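Sending over a structure as structure tokens; questions will come in a sec.
When the chains are written out, they are named A, B, C, D and E in that same order, and each has its own residue count from 1.
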Amino acid sequence: MIASHLPALQVVVPLLGAPFCFLLWRSPRLSWLLATLISWLTFAISIALLVTVNNSGTIEYAFGGWQAPWGIEYVVDQLNAFVLLIVSGIAAVVFPYSWISVQQEVELRQQSLFFTSMVLCLAGLLGITIAGDAFNLFVLLEISSLSTYTMISMGRDRRALTASFQYLIMGTIGATFIIIGVGILFMLTGSLNMQDLAQRIPELDQSRALHVAFGFLITGIGLKLAMFPLHLWLPNAYAYAPSAASAFIASTATKVAVYVMVRYLFSIFGVNFSFQTIHIQWLFVPVSLFAILFTSIVALFQRDIKRMLAYSSVAQIGYMLLGIGLFNVTGLTATLLHLFNHALMKGALFLAMGAVCYRIGNTFIDSMQGLGKQMPWTMAAFVIGGLSIVGVPLTTGFISKWVLIQAAVERGWWPVIIVIVVASLIAMMYIWRVIEAVYLQSRPENAKNVSEAPLSLLIPVWILALANLYFGANATLSSELAGNAAATLFSGTGF
Amino acid sequence: MFATATIALLVIMCLALVRAFRGPKIFDRILAVNMFGTKTVLLIAVYGFLTGRPEFLDLGIFYALINFVGVIAALKFIERLEFYDEREER
Amino acid sequence: MDVVTDLISWIFLGLGIFLGLTGAFGLLRFPDFYTRVHAASISDTLCTACFIFGLAFQSGFNLVTAKLFIILILLWLTGPAASHALVRAAHTAGLKPITENSD
Amino acid sequence: MDSFFNEVISGALGRYNYWVVIFLMMSGFYVVIGSTNLVKKIVGLNIFQTSVFILYISIGKINGGTAPIVWANAERYSNPLPHVLILTAIVVGVATTALGLSLIMRIKHAYNTVEEDEILAISLEEDEDE
Amino acid sequence: MELLVNISLLFMLSLTVIAVVRLKSLFAIVMLFGIYSLLSAMIFIALDAVDVAFTEAAVGAGISTVLMLATLVTTGRWEKKSSRSSFLPLLIVSITGAALVWGTLDMPEYGNPDNPAHHHVADRYIEQSPEEIGIPNMVTSVLASYRGFDTLGEVIVVFTALIGVLSLLQVRTPPSVAETPLRNENRKLSRPYPVLQVVALVMMPFIILFALYVQFHGDFGPGGGFQAGVIFAVAFILYTLTYGLDDALALTPVSVLKALAAGGVLIYGGTGVVSMLLGGNFLDYNVLSSNPVSGQHIGIIVIELGVGITVASVLICAFYAFMTRALPDQGQKG
């Protein structure tokens, strides 16, 4: 009986767990324990969902028992089962980690609120991923956004407040653009259900109103996923948020937004409309190439490593959009693979930075000098994550870049390959800066000596670092999942 | 009959709106908003009769309430503003 | 019968419209805040009553009339209270009325 | 020629509502991105969203329809679905507003200003100091 | 006639928005936003959306305006002249607006009964919901049953906002009995409005009665849990404004409000879980009773109650937090 309710439970468990977390406000430890339990439970559910989808195909779940276009429906297919797994998997690693980190970085009064926000954010992100209804997606998007603003604002630096405010403004503009787009779609078709929309849109492909709706949706989602010129909120938000929050948001939120983009482009508007009527690739390819180069260079000049990683995230989002823009199955596979791989590497890097922050109080490159000897395990994990960003063979980063290059070769777009290679070199430079400071320089005399991070921080960091290595060496599982999903999307039978 | 009343109310609302734009003092604006609110309540009532479905008067009751609370809140918070400030409001 | 109630409604609504417009013009044309309050609040109270009575004659005795009178009572309660508070706040804030000598 | 004008007029009558709403939306949007005061930005955001709500409700309006609550004399009802969506959206809007305003209060406390330019200047200085 | 009302309301809205763009006095801007919200609520009535009008007035002219005013107390009420050029924003806005206007040329005509938006999903709501759900207000049917999960999401959004507000702003703990002398001292300094206090006290019970009416009458007319929750909150806001925060806190302690906020969400979610346990899908009210229609009835009443409880307690709590910041020294009466 439970099996048939899995899609609902995936979201309902964290959604209803959050009030309980909140009710435990007197004891942050209990709310953290509950949050961790919830994250593991959702991870288990998402594994079960993935297995079911692979065995028996797409699952649909009608809320309230009302059939699809009338009621709200959840649809799990290969694509979003994969994304669900990423989100809940990262949550299952970050939530246990958060206790110690939050102890140090967040005021006691706010701690249980922080854990509640994390659970709400998880619920929202999972909901966005699984929703089969365009408006329900907006509601869940707002749940995740509001809780994200809250988490960011809890950072110790006062700039966390302004970062959160900036994100609030831009995020709300994005969300409003999305509802304008959905409104126009509703006006033209009379439906909000994604599958239903997908069936009705091809008849309308010459309608100017549909083109406008497309523009608004892409801009709105673009704001949420920090598509290049709209990325201004991201670096500050990631840099000043508490470490646990940065790690969680950086490795899940933008991924989910990329998923929504893919869903809209391929499943709802359809390949023909997005790529042959509108030619969205001519927007995505130049923008993402520029983004990759530009933000990688900006990352070179950051003193705060969290900020550097944030800029690198914008560049990585560029890779994902590039994969979409290449407009072939391999390109889309690269995007989806990178979704997964980037979650692993950014998760590992941000968690390692959280461990550093726990010991030395900040993440500036000059206060990390010589840390390699004092925190060997943390820094080793950082190096693995860094190599993965660069795309060194045997790490996950290599796999997705390799597939991306293959896709470019299929298209015959050599300049794209050059940009990827150059950007990888720049990435090597900014990672090298850290490695140099950490390993080759000695600890300054006046710097306080620190010891290795506690095990409860180290274990989650290493889980993700090892995952980087494992999925780098043996990518059959992840590429199979991504490849299947990409092929389904391209065949036009998405959902 | 109701049409005339509706038009008259709309005119009155426009006039109150002008006062709300012009100020010049905060209190003038609050006064205008208050008048605007009461006229909205009446408009709801009249419009209900105009369209033949007057049962939505609950809305009118609620607007009257909200309007009052809004004005009180404005006054309450004004006490705290540095408003011996003699600047004319733009 | 209908003609009589219509006529009464007309008279009330007409009076209400007249009072409302007077108040609005006073609000717009009077020279300072205190005179404007005077114009707006006094005419408002009777204007509301006229409108409500006018409408009540149209609806007959039912739930709608009851609601109309609830609105009337509410506006009668809140309107003067708000005006009072407004003037008081303005006075404590040091807003001076225009007198013959000023200017 | 005549038929062309007729078409233009009927087209305009069928769309004036959208056009005004677009004007309102864009004014609100302009206040959000054009002003530097944080409170004004939030007001602009609210105006922007409220105008989008009017757009939705305009989509749901049917000429000659009445409010979608069963009524014996009704010929037809307006579309209830946009109403439901907007009820939800309004609530989401107020939640965002409350959060944004409390952020502003904290920002004022931390920076002693709510002008974006000044905050930016202070932040830049801080970045250099580090 | 409806056209005339519609056009003049749109005209007034445009005027208001132009004034908002041009004014520098934040206080005036917030007051005008209150007007804007009332006007748009009026338009919603003219466009047959009575439930939306109810909510918009409650939220825009009520809660948002009050919260904005409270913010202004701490931030000051003048916008500084900015040196930044307004060219880029103007450009972005013009492009966006032009795109939208271009899009309207292919949009279905306003108000046309044959528009696609009215003929796919909406038909069933209008034709069958009175039988399937058994309540006359179709908006409530769709809100609470067909799209019940959206509404659960909405309640969670409100709850999330509470988390955010509480983490950013702390609600003051009311002074204990030992501090009472100090309190009396303060009381002399304040300026009480006895007239308002009496009016507020007279109104309180009626407002709460009205809230209950809106809560339980939502199936038949405009209203429902959300609107009732706001009205309930407005009653306490009025009380706080006239009697001071400490008295209000004594009446409704924050810990109780927090528990109620979470409780409301759990009532809503619990209904869904119960329907799951009884063999239906999440939020399938049909299984709550032997007869589907009465099951729907029970479900809707219970979830509306959850919505009302959460909304009321969240708004009251958020307002207290804002008051604590805005009027830090004013715990006393007045």
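Assume a contact is a pair of C-beta atoms (placed from the backbone, for glycine too) under 8 Å apart; a residue touches a chain by one contact, two chains touch by 3 or more.
Note that this is a predicted model, so its numbers are computed, not measured.
Both chain B and chain C are touched by E.
Chain centres were defined as the mean of their Cα atoms; on that basis the chain farthest from chain D turns out to be C. By C-beta pair count, the most extensively touching chains are D-E. Of all chains, the one whose CA centroid is most distant from that of chain B is A.
If you average the CA atoms of chain D and of chain E, the two centres end up 15 Å from each other. Inter-chain spacing, taken between the CA centroids of chain C and chain D, is 32 Å. The distance from the centre of chain A to the centre of chain C, with each centre set as the mean of the Cα atoms, comes to 58 Å.
A separation of 19 Å divides the Cα centre of chain B from that of chain E. In chain E, the residues touching two or more other chains are 50, 70, 72, 76, 100, 104-105, 107, 115, 117-118, 121-122, 125, 147, 150, 153-154, 157, 160-161, 164, 168, 191, 196, 203, 221-222, 326. Residue positions 30, 51, 55-56, 58, 61, 65, 67-68, 72, 78-79, 83 of chain B are each in touch with at least two other chains.
Among all residues of chain C, those that touch two or more other chains are 78, 81, 85, 92.
Every pair of chains meeting the contact definition is listed here: A-D, A-E, B-C, B-D, B-E, C-E, D-E.
The part of chain B that touches chain C in the complex is made up of residues 1, 4-5, 8-9, 11-12, 15-16, 18-19, 25, 27-28, 30-32, 34-35, 38-39, 41-42, 45-46, 49, 54-55, 57-58, 60-61, 64-65, 67-68, 71-72, 75, 78-79, 83-84.
The residues of chain D lying in touch with chain A in their complex are 25, 29, 32-33, 38, 41, 45, 48-49, 52, 55-56, 59, 81-82, 85, 88-89, 92, 95-96, 99-100, 103-104, 106-107, 110-111, 119, 123, 126, 130. Listing the residues of chain E that touch chain A in their complex gives 99-100, 102-108, 115-122, 124-125, 145-150, 152-154, 156-157, 159-161, 163-164, 166-168, 170, 258-259, 261-263, 265-266, 269-270, 272-273, 276, 279-286. Against chain E, in their complex, chain B makes its touches with residues 3, 6-7, 10, 13-14, 17, 20-21, 23, 26, 29-30, 33, 36-37, 40, 43-44, 47, 50-51, 55-56, 58-59, 61-63, 65-70, 72-74, 76-83, 89-90.
On the chain E side of its complex with chain C, the touching residues are 191, 193, 195-196, 199, 202-203.
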